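Pasting the structures here.
After this come two complexes, each holding subunit A, first together with subunit B and then together with subunit C.
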Partner chain A sequence: MRYIRPLSIEDAVGELAKAVGPAAILAGGSDLLVRMKGGFVEPELIVDIKRIGGLGDVTETAEGFRIGAAVPCAVLGENKALKKAWPGVVEAANLIGSKQVQGRCTITGNLCNASPAADSVPALVAAGAKAVVAGPSGKRTIAVESVPTGPGRTSLAKGEIIEAILLDKRPAHAGDAYLRFIPRTEMDIAVVSAGVNLTLDDHGAIKTARVALGAAAPTVLLVEEAGQVLVGSKLDQATLDRLAKICSGACRPIDDKRGTIEFRRKVAGVLARRVAAIAYKRAGGK
Partner chain B sequence: MNFDPRFSGRKFASVGTRPIRPDGVDKVTGRARYGADFNMAGQLVGRILRSPHAHAVIKSIDTSKAEKLAGVKAVITAKDLPDLTDGDAAMYDILDNCMARKKALYDGHAVAAVAAIDARIARQALKLIEVEYEVLPHVTDVDEAAHHHAPLINDQVFTEGLEEKPAKPSNVTKRTQFGHGDVHKGFAEADFVVERSFKTEQTHQGYIEPHACVASVNADGTADLWVCTQGHFVYRQHCAQLLGLEASKLRVTSSEIGGGFGGKTHVWAEPVALALSRKAGRPVKLVMTRDEVFRASGPTSATSIDVKIGARKDGTITAAEATLRYSCGPYAGSWAEIGAMTAFACYKLENVKTVGYEVLVNRPKTAAYRAPSAPMAAFAVESAVDELAHEIGMDAVDFRIKNAAQEGTRASYGPVYGPIGIGPTLEAVKHHPHMKAPLKENQGRGMACGFWFNFGGQTCTDLNIGMDGSVSLAVGTVDVGGSRASLSLVAAEELGIDYSHVKAIVADTSSLGYNDMTDGSRGTFSSSMATISAARNAIKILRERAAQTWDIPVEDVIWEKGHAIAKGEKYGNLSPLSLKEIAAASGKTGGPIAGHSELVADGAGVSFATHICDVEVDPETGSTRVIRYTVVQDAGKAVHPTYVEGQYQGGAAQGIGWALNEEYIYGKDGRLQNAGFLDYRIPVCSDLPMIDTQILEIPNPNHPYGVRGVGETSIVPPLAAIANAVSNAVGVRMTHIPMSPPRILAALDAEREG
Partner chain C sequence: MAGVAVSTTINGDAVEYLCQPDETLLEVLRDRLGLTGAKEGCGTGDCGACSVIVDGRLVCSCLVLGAEAEGRKVETIEGMAHGDQLHPLQQKFLEHAALQCGVCTPGFLIAAKDLLEKNPSPTEEEIRFGLAGNLCRCTGYDKIVRAVQDAANVMKGA
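== the complex of A and B ==
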């Protein structure tokens, strides 16, 4: 096994592109090391990206926020501006694992691990976040929902690295939120989850809405119909009930050790309803 | 020896105080040495190859490629552990469980093992071992396994305990029955009868420390084993027998223990480590992974229990009956039998009958888990008792008080009780402020009782007095819950010195006589009895030395508050001699001063507890939070109250996990789906409220200080208490443990849909 710690994204991309055997990118390592210890992966090359300039920074730009790929989730929780603008994304990132894990894990890693139950991903999808991908043929910016293609699989090509996640600047009257269901209170993985991101017009009616579900299908789901049903409403009971029904219907879950199909469908609707109410309140809705 | 174990009603100076435990600093600073913390020069890494199949004939094992891999020093299969059990069926089962001989009987059953110079090579070597399996049909569910169409796990098993020997083999190894009176007559007298069936899923003890050992077998037939265990003397016996060693030449040292709860009373990896070391000629360290711990060690039984209880309008129970089916894993056990004994032990019953069936399944060999078998039986019985009280229209506590067993009651499992604590715990609960705490919407309250036998057993201790007057106490019961602190208190009490001058250790098997393991809540009960006895023997010598110094008859010397005192006016000019003074002079008065004791600690007092629990259930998700929890239990005498409370809280915490989320989940392929702490959901700290405790002290007449075991009873009531609370909160009787959110939501939906 070869471990390298390049100082530039170009070097990292170059090493990954020419790797012969299985290669892995190491940021926080909270997924990779567990998989290595469990004997599930035996990479021949590990590329540690933590020393690459800029990858450890959260920057506020004219367009919004740029979160470097190596920024631990705990750092997001300490960034007041980010927390104010995107409380749903930050609360999702700060639900992953334990306090200790949050000191290492990253939202980019969470996205690239491509688990349908990843906590930060539904919140990022609802937020309309984008990923900056660096690769052998240059850089491109893509929607985060296009990264995972199935459990443990991504659309990234050989040699490609996500170097940052981009979040838009917030208009007035905007709010997002994330909720997951776990049987315990912490240190667990979502049985089902929901993220909602809303903007309101000057009268408190919902202007735009994005709804995403986690652990409800092979990848995190963006439920466009659920967003549409919210637009124009002030989140009255009938709208909430329709939202819940649409979300339950959109699920394509499985029966497994963490929950049943029936349970996931029902609770997806319940969570969507509850999380929409939180996001609405955060956006200033009454 | 003339040791009198009877309760004497003395006043205590040290016992009942709460000093810091002697092992505390090492544990909080990380210096304490657990199973995997021991190392020897030249030690190899051992790893075990396990069956991926729930049930399969092992047609052949080819280890040649693994043996050729550089760095591999030994590869073993069942051939390297020849059968030396000489017709002892229970030992044969242990041997077969350590290393499958003809068939793999569960997912995770050991089939081969390697010792290599490092973990990576050991893992590679496992991949090079070729096992040819013939996969057989399997059965993992207790009810399905008991059915006559089920795949047979062992075609030599014919159900014992039936009136006629059955003609066909079965997965039911044994039927047992307990009770007295006539239940048919009793049910005929009842105005109300509740009859229900219950299920509980299989749980693991969930100790944080995995099984770990270092084994070193020498060419001269001697051997050393450093191991995390609840009973190093028992491990020595079993390992010596399985390996063909002389017991006294195998020295077993117990490490600190990161939890056992009954799961470390059985050997698994240790004989394998010894066999690897014997073959490799080098020490071998073997540490189970968490996955192995779940798949191949522990768990308790899964159960299916039918209960029927009848009562008159005035609340008198007229008859009680239960049929209990307990899974044993693939080897015979007596788990249902224990369940059948404990089921109705809390009650005074004229007509009672319990029947237990031991059922083989393709799951790991069932191991003891804290009051083994009792929590499931209590869940079924206490749920039915609650429902019956409700039907009669009586308060659940009053109904239990009316029917509680008392001194002189003939227990449902046979014996007649002495002084017992079930009535007092119920009275304490009735008046506990918890019962009056307000409940909000979606919240419910439940309570339940529990019983455990407790055990005494073979025990041996040594007490040595140093020349500076400090005392070292060597005990043979592994300290699983603070017993070194408790036993130091007992030695200090008896000698009349300060706790800080006593240092207790757990001695290895070559340094002390045989001790049964720390199980049956016996550690503090039995070793305190032996410590008292050893201290009294030392006091006899201390008095003799004082008498010698003073040149007076020993009969005239008494021992009081740490001093020898010459009794009588004629000795008015003799100042008392302190233990320290006598010890300082010991070199000139006859040499070292010590007390020894070996005894069978009979008369372990039975133990009862009553728990109260409040829960809040989210009706939309089925999520349950325990919001308030109170344990009331009889300790006989709490030697170190903090550690007694710790046992109460620990049992309740484990019971809460079992009641709400913990379960073994098997796929259709017979493979365990959740062999890890991520998906085998024991409660985390934030899942639990502060568990309140109340210690009652109803002295055990068979112990000098009145001590009863306290470790196990606390896990008996929680399943039922929580089930009663949840049922109360949601208005639907929950009959399947764990009450996980999907199960609660499904029960609520079924109720809503009628």
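== the complex of A and C ==
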């Protein structure tokens, strides 16, 4: 096995593109090292991306925020401007693991690990976040929901690295939120989760809405119909009931030790209602 | 496998070592450098017994490669006391009997030190959440929480 620490994204892409055997990208390592130890992956090349310029930074631009691929989730929680603009994304990122894991884990890694139960991903999908992908043929920017294609699988090609996650600048009257169900209060993996992102008009009616569900299908789900049903409403009871029904119906969950299909369907609806209410309040709705 | 040459700082001392690319920082600390305070409990980042601080961030050293420590500042339990002078947290763990078998203790002390450096007056809830990444199968946690509260009071007075 070889460990390298390139200083530029071009060098990292070049090394990954010409790697003959299995190669792995290392940022926080909180998934990779566990998988290596368990014998699930045996990379011949590890590309540590933490010394690449800009990948460790959160920058506020005219368009919004750029979160480098190597930024630990703890740093997101310490960024006041980001927390104010995207509280749902930050609360989701900060739910991953312990303080120790927070010091290492990244939202890009969470996305690329492609677990259906990844905490930050429903929040990022609801937020309409984009991923900047660097590869052998240049850079492209894609919607985060197009990255995971199944448990542990992504749409990224050989040699491609996500170098940053982009979040839009927030208009007035906007709010997002994330909740997960776990049978305890801390340090667990979502049984079901939901992220909601809303913008309101000047009268408090919902102008745009995106709803995403986690651990409810092989990938995190963007439930477009659930977003549409919220638009124009002020989150009255009938709308919330419809939202819950659509979310429960959109699930394609599995039965496992964490929960049954029936339970996951039910809770997906319950969480969607609760998360929508939090996002609405954060957006200034009454 | 070719070794990786690493220059780093551990508890304020410049340290150089050669390690394998897949060797964890925990393995380097224990097996190459003789710093056996950090323990391997789970090896998967769940138990916190291997906690160390790297560049001001609390991490599980079982989830860090030894090679990643290049140019970093690593703090381990071995650097917590000043000579014979115990850190207030160490003293309070003794006074409150906040340990039994002791395997989790170095990790708890490092995690509690990091917690109090970032939040000198934590509530009981903040202490419990802050130390949620450290598992103890002996104490039931109450004595640990009380030791941390008492140490926080001492450190504020200092």
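Operating definition for what follows: the second predicted complex is superposed on the first by the 286 of 286 C-alpha atoms of A that agree within 3 Å, B and C clash if a C-alpha of one lies under 4 Å from a C-alpha of the other, contacts with A are read in each partner's own complex, and residues count from 1 in each chain.
Here, a residue touches a chain if its C-beta (ideal position, glycine included) is under 8 Å from a C-beta of that chain, and two chains touch if they have at least 3 such contacts.
Please read all numbers here as calculations on a predicted model, not as lab measurements.
Asker: Looking only at contacts as defined up top, I'd like to know whether subunit B or subunit C touches more of subunit A.
Answerer: Larger number of subunit A residues touched: C.
Asker: Does subunit B (first) or subunit C (second) touch A:2, or do both, or does neither?
Answerer: second
Asker: For A:39 in the superposed arrangement: first (subunit B), second (subunit C), both or neither?
Answerer: Once the two structures are laid over each other on A, A:39 reaches subunit B alone.
Asker: Going by the contact rule set out at the top, does A:263 touch subunit B (first), subunit C (second), both, or neither?
Answerer: In the superposed model, A:263 contacts subunit B only, not subunit C.
Asker: So, does A:187 touch the first partner subunit B, the second partner subunit C, both, or neither?
Answerer: both
Asker: Both subunit B and subunit C contact which residues of subunit A?
Answerer: Touching subunit B in the first complex and subunit C in the second, residues 38, 186-187 of subunit A appear in both lists.
Asker: Quick one: in the complex, what on subunit B touches subunit A?
Answerer: Against subunit A, the touching part of subunit B is residues 123, 291, 620-623, 660-661, 665, 673-674, 678-679, 681, 683-684, 686-687, 740-742, 745-746.
Asker: Looking at the complex, which residues from subunit A come into contact with subunit C?
Answerer: Subunit A residues touching subunit C: 1-3, 5, 26, 28-30, 33-34, 36-38, 46, 48, 50, 72, 74, 97-101, 103-104, 186-187.
Asker: Can you tell me which positions in subunit C touch subunit A when the two form their complex?
Answerer: 1-2, 4, 20-22, 24, 43-46, 48, 51, 54, 57-60, 62-65, 67-68, 70, 111, 114-115, 129-130, 132-134
Asker: How about subunit A: which of its residues touch subunit B in the complex?
Answerer: Per the touch definition, subunit A meets subunit B at residues 38-39, 181, 183-189, 191, 256-260, 262-263, 266-267, 270.
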